[in-house]
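Should a chain be cited, it is by its letter among A, B, C, D and E, assigned in written order, with residues numbered from 1 in that chain.
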């Protein structure tokens, strides 16, 4: 597997595009499920950047961070989906724009 | 891993153990008072552990740095957690049953905060922050009824996760630039990396700051604060305001100092902009807020703006580094104690009834619950930075540091912000002095009612004791700070 | 005796304080005894001191204590006694005593009997301090003290707000002069280093040449004070209104004593005025202008007290004229005689008013000659003295003034002519009063004639008005001696005959009606002039428009506190920010995310502004 | 060259799939696109010398976590109505602003990334190396991660249990 | 220790007063009076050992032992902060004034406050304690502490026992003074920082901070920080707008303390700190300050004239009178300074008395609107006479304290700037206008028919006694001010030597 000549900035480019797309998804979607998905996309983009940077320096740390990001994603999604269930129950909708009882 | 390391990790170990014991207890027999006792014991033990670990300060692997400074904040956070625990028992009981998970989450969240405080590495920062956060999401959404807690939790989760991703991405860029993940490593390599490619490093750092800024709720990442403060159960709000923010700020300072980020002009400019905006906008937002929890949320925005001044001062050689560290220590300690005092009162007066969070429901508190009212008054004065309170000495530190570093713009913003702040802190105090139907101090004689209220208050409740304790600490730090200053200087 | 002069002001003061504290509990008799007795005692003491002084006419000084000492500024509570002081003190205590006595009857039925005597005694005390003061600061104390007493007494019947208005006007208008005088004191102290009058004059003569500008300014400032207190142009407007007070008060304060304080001040500081000839000229011009203005106005008035008030203004104008031309002795002499006959006239008018149920309009009186003989004779004598008919006291004093004015180099004859015109007018208006009030048909019936407590002072004052001209006042050592040469005899004859001619005119116009002036009066110019003079030359109107209304307008405008608007603006700005920012807290999560991303973009942009140097 | 070609293909797939995932109206469709995207990223991991990461990406991310989503979507029983709503919510006037903002953010990142030079890596990091590091200096991280998962577990347990216990799937009765 | 005890007695006395309410609701006022009088006596006893007034030593700024009293104990050594009190002539005068007026204030609250008397008297005593601290503290940190803390009980007094608009007034009062206090805090810290960089030593002691060398521009800015804090408190145009509201809305005792004592802390601060710490800067600035003072004199008088609210009128008259103090301080010669000190004392008495009269009227008539008064003299001759006395005192009648003060100020000012003196002297005329209109509207004129048969109580024995104290004080100051001048003289002497 030697001689991987993919330029680092190309990978980072992909990752940043994923980041931006995820961010856009976060901003435009009103459905809480899609919002959580967007978060996953963004987490994934950060993971990609870490793995790429780790590879760039030839260190295992990037992959370790990636694994921890997986953990984080799992934990957050678990709680997040739990909340989704409660949202459906108490708000009768998944539209987050409706969850604006507190403001001002 | 040798024994020394284990000793140094004592608070973390104790907390983890407490979590495990709680799990076991819940699986054997669900009994929330037992769980409460176990949690309390665990936290107390961890407090002891924090003291014990002082003898063994050292870096523990690359991830954690156990030093006196961190242990002091660990202690502080454990105290805050204990206060939260006491408040949770008295005022927060969803449906009156099944709070075992809540206690477990509390312990886990504290654990996350401790990790965060002692973190010296990006990974421990991430894990600590997330552990604290994930547990908090569930704590916020813990009540089984009502939309507000849920709304608060989901907002906090989504926004916080978004901030975490930004932080992660920032670290990824820093990692790409330096090849280091530990603060010290970043500090070592940063100047070389900066010389090669300043943009990558600066962008990464800026993103990290944005992510941490979110947790500290500084402008422009502050929007979530009032909603989450309002929606969360009051003890949880208190926890969020003290433990979470305090730990994150400590982590930020570590990252800042050890990563030597104060050397970069553009970063300091950005941070100064954030600080100024926080001081002003936080106070402006609080100006006419009627809900006391939202008001405290806005005021916390301003307070972290004040604190950022100290970090910015790092980059100027005017102030001594020791003084800066002392300032952070003192201000954070004062802020945490004051906030706890405030939330202790809010929790015991307003409870979970959202209508009672309105300032108007504090009307005449002086005559109904004098101890609580006095405590809240002192807390407000401390927030406002009036002498004899801890908050004043804190502000004294910040202004001193700012002056020595000649940060005139920041000091101007601080002065303006504080001046605005006086207004809304005073509004609360004023509300407490009012009495219903008393249009003038002399015209209406409503003593009868007052006498009755006074009579009720002869019995001093546990909430009053708690309020008195916190009050004493705030006043003690304000009137006789010397021992604490010496102590902080040695950290 | 000399060491005891401090008792002279103290006794009335003590009486005053006693009456204030315990007045409501004392019987009327006691009040009267205290009020009159204290002044009488003071008069006796003055008399004793005067005899002592005449035996050994050496001025002396008595320091009670140092009032305040700040650095070199160390005015004492100290009295200075010389001939001038003696004259003034005699007038104050003597005439004062008579007026007090008169008041016991005049105020008999007033419920605030004690308060009245308390004020009056206090006034006497303050006036005595004024004339006895060794330094200008103590003089200023007396000066302000008499002002306050005047205010209190003018507004004595406080329940009528017009009286209050008049009292305030009196106080504030004189305060304008007082303030200028205070500035003069500052200037004098700053330049000369002391306020002790004798020492000051001495130093001034060493420091300044004649005609020095600083001396001129200082004298003008002092003059402003004198003008205010003595109701001279342009600050005379308060005096006619001050007639709102009880008539004995008008007699004492607004005729005999306080209003002449300005004359006293200038006479006392003549050493300074001699250094500033322009200031002297100003004094003379103000004096003569006031004389004429007030005389014309008096001619038109129908309120008996206002006629007398304008006459007072006019007569003080003569005194100013005297001072201005350097006829110091004549000025003071006129001050004294004027005190006699003007007090007489005022008390007489008080008797009329007292007996006519507070009627002030002379055209509603008439034929009182037979019904109130004492009063009639008092008025006759008083008016004769006022008009300076030969052999009356006024004749001697006024004649001297006119003659010395004539002798003044340069403007002298003109001043003399104007003075003559004034004398003519004086005779006309004073006898107009006599003829209208005491002759002709009766229009109102007096319920009685005066009692003895009123008659006695009137009689004594009649005597003084008649023989006062033969007194020799002991001021020869105080003032520089005049040239001593006399002007041509025709000047003297003219001066003598003019008042007689005036009396004749008055007789023809107002008594027999042989001289018809109706057509003259009713012509357009006549009417306009009449209105103009009646309103006191429109000066009140002018001041109202120039100062009073603008001041009210200003204070009304500022009442809403414009400065607070600045702070209101600050508050409004903060509230606006609060409003906007609170509106941004929409509670919508997507918006929060947008704001966060926006913040991130800004932060990145800022952080990427990489400057070449590393901190 | 093969690797590079593969990389571009995988990158394109990942990006397109992500964009599609973000713009779907049907949650399940979106989820499937998301899984495609994750798989494509796994390919990239493999190509840049992180095979272990690639495996985890497929097993845990695409496998475990996405399945959680599927469960929840099924539990909530989102139907056609939801799709129509989603369509209404995705009008240009809604997304134009955020898209612009995201574009600006991307532009800034692009500017940052464009300064990076050099190939991504010359040697692969083996699973062994990763393992050694993980249980060497990072052992504490593993422990803390376990606590993190515990927190997630307890949290979701608390939230989810109430959903199931109290009202089950049907909450129409509670109006 | 005497000075610490003075403060402690009041603090503890406050607690006692608070607790004594449980015994009897009339107890607190007795306790409060006893405490203040005890404090006064305690102070006088310790003063009796002092040398003759005329032989007082000039307190040297570099040698605290030359002061009348000096006390120093470590407090926060980390910053060189100590509990340092010192007493010189001026502080002594101010302390005496505070305690005497404190007793007057307690008397004013005797029947005025009917609810929560214990807490009221406690706040009153605590305010006094704070004020004493301000007058005696010579450590800048300690000074600032007292400066801020004394406001809190004052705030409570206004906010709880004030009149209809008390919330607004209390808030405005607090924000004005606190915001300006913040500027002073910045200045203090900057001064300490400058001193520290010069000497390497942290110190907040006045004695160390005098003669701190600094750049001209720095000195100007720092001086401004002190200046603003002090002139807001004084108050000086255009920072005065809190005062009419606070004074009007405060309960009588509160107004007495505010006008009688609290305003003087501003003047004291100027004399003690603002000028000596930055002599050159202060002298450069003096013209601006004097112009502000002169404007304030006239402006306050014009606004006082426009008022219909009795207390508001007095409040504006304070603005006018305090303008003289500012003029006196910045004229900075012995005459003017003596005048300023004198004005502080005399105004304390005259205004306190007027506020007490206003309070008595409000208590009897339930209004402060002068349009609803009129002719009150007839029913309450004693009150009328007393009012007349203090009105003429406040318009500067010679023979009473205020005259001495104003005359000295103007005399001193004349030597510095005659034109400004002329402007300020306008205040004498306008002062007469508003003083007399006050008298006219309330006590003179036609009696208001609504009030005629009310059976209004005239001043009683307690009130007359209180008033007599103040009247005697004013007369004493007016005809023999020498003791005050002698006490202040050495202090001013040494202060004058500070400036170039």
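In this section, contacts are C-beta pairs under 8 Å (C-beta built on N, C-alpha and C of every residue); 3 or more make two chains touch, one makes a residue touch a chain.
All figures in this text were calculated on a predicted structure; none of them were measured in a lab.
Undergrad: Of all the chains, which has the CA centre nearest the overall CA centre?
TA: E
Undergrad: Report which of A-D and B-C is connected by more C-beta pairs in contact.
TA: Most contacts of the two pairs: A-D.
Undergrad: Using C-alpha centroids, which chain lies at the maximum separation from chain C?
TA: Relative to chain C, the chain with the farthest C-alpha centre is D.
Undergrad: How far is the middle of chain D from the middle of chain E, if each middle is the mean of its Cα atoms, in Å?
TA: For chain D versus chain E, the centre distance works out to 70 Å.
Undergrad: Take the average of all CA coordinates in chain C, do the same for chain D, and state the distance between these two points in whole angstrom.
TA: The computed centroid separation for chain C versus chain D comes out at 100 Å.
Undergrad: Calculate how many whole Å lie between the centre of chain C and the centre of chain E, each centre taken as the average of the chain's C-alpha atoms.
TA: One centre to the other, that is 37 Å.
Undergrad: At what distance in angstrom does the C-alpha mean of chain E lie from that of chain B?
TA: The computed centroid separation for chain B versus chain E comes out at 42 Å.
Undergrad: Touching two or more other chains, which residues of chain C qualify?
TA: If we look for residues of chain C contacting two or more partner chains, we find 582, 585, 587, 589-590, 593-594, 597-598, 600, 604, 608.
Undergrad: Considering chain B alone, which of its residues make contact with at least two other chains?
TA: 123, 127, 130, 134, 137-138, 141, 154-155, 158, 162, 173, 176, 199, 203, 226-227, 289
Undergrad: Quick check on chain E: which residues sit in contact with 2+ other chains?
TA: Residue numbers touching two or more other chains: none in chain E.
Undergrad: Which chains touch which?
TA: A-B, A-C, A-D, B-C, B-D, B-E, C-D, C-E
Undergrad: Once bound in the complex, which stretches of chain C touch chain D?
TA: On the chain C side, the touching residues are 590, 594, 597-598, 600-601, 604-605, 608.
Undergrad: Using the touch definition up top, name the residues of chain A that touch chain C in the complex.
TA: Residues in contact with chain C: 23, 26-30, 35, 96-97, 99-104.
Undergrad: Using the touch definition up top, name the residues of chain D that touch chain A in the complex.
TA: 3-4, 7, 11, 14-15, 18-19, 21-22, 27, 30-31, 34, 37-38, 41, 44-45, 47-50, 52-53, 56-57, 60-61, 64-65, 68-69, 71-73, 75-76, 78, 82, 85-86, 89-90, 94-95, 98-99, 101-103, 105-106, 109-110, 113-114, 116-125, 129-130, 132-134, 138, 141, 145, 148-149, 151-153, 155-160, 162-163, 167, 171
Undergrad: Applying the document's contact rule, which stretches of chain D touch chain C when the two form their complex?
TA: 97-98, 101-102, 104-105, 108, 111-112
Undergrad: Considering the complex alone, what residue numbers of chain B touch chain E?
TA: By the definition above, chain B touches chain E via 367, 381, 384-388, 392, 395-396, 399-400, 403-404, 411, 415, 418-419, 422-423, 426-427, 429-430, 433-434, 438-443, 445-447, 450, 480-482, 485-486, 489.
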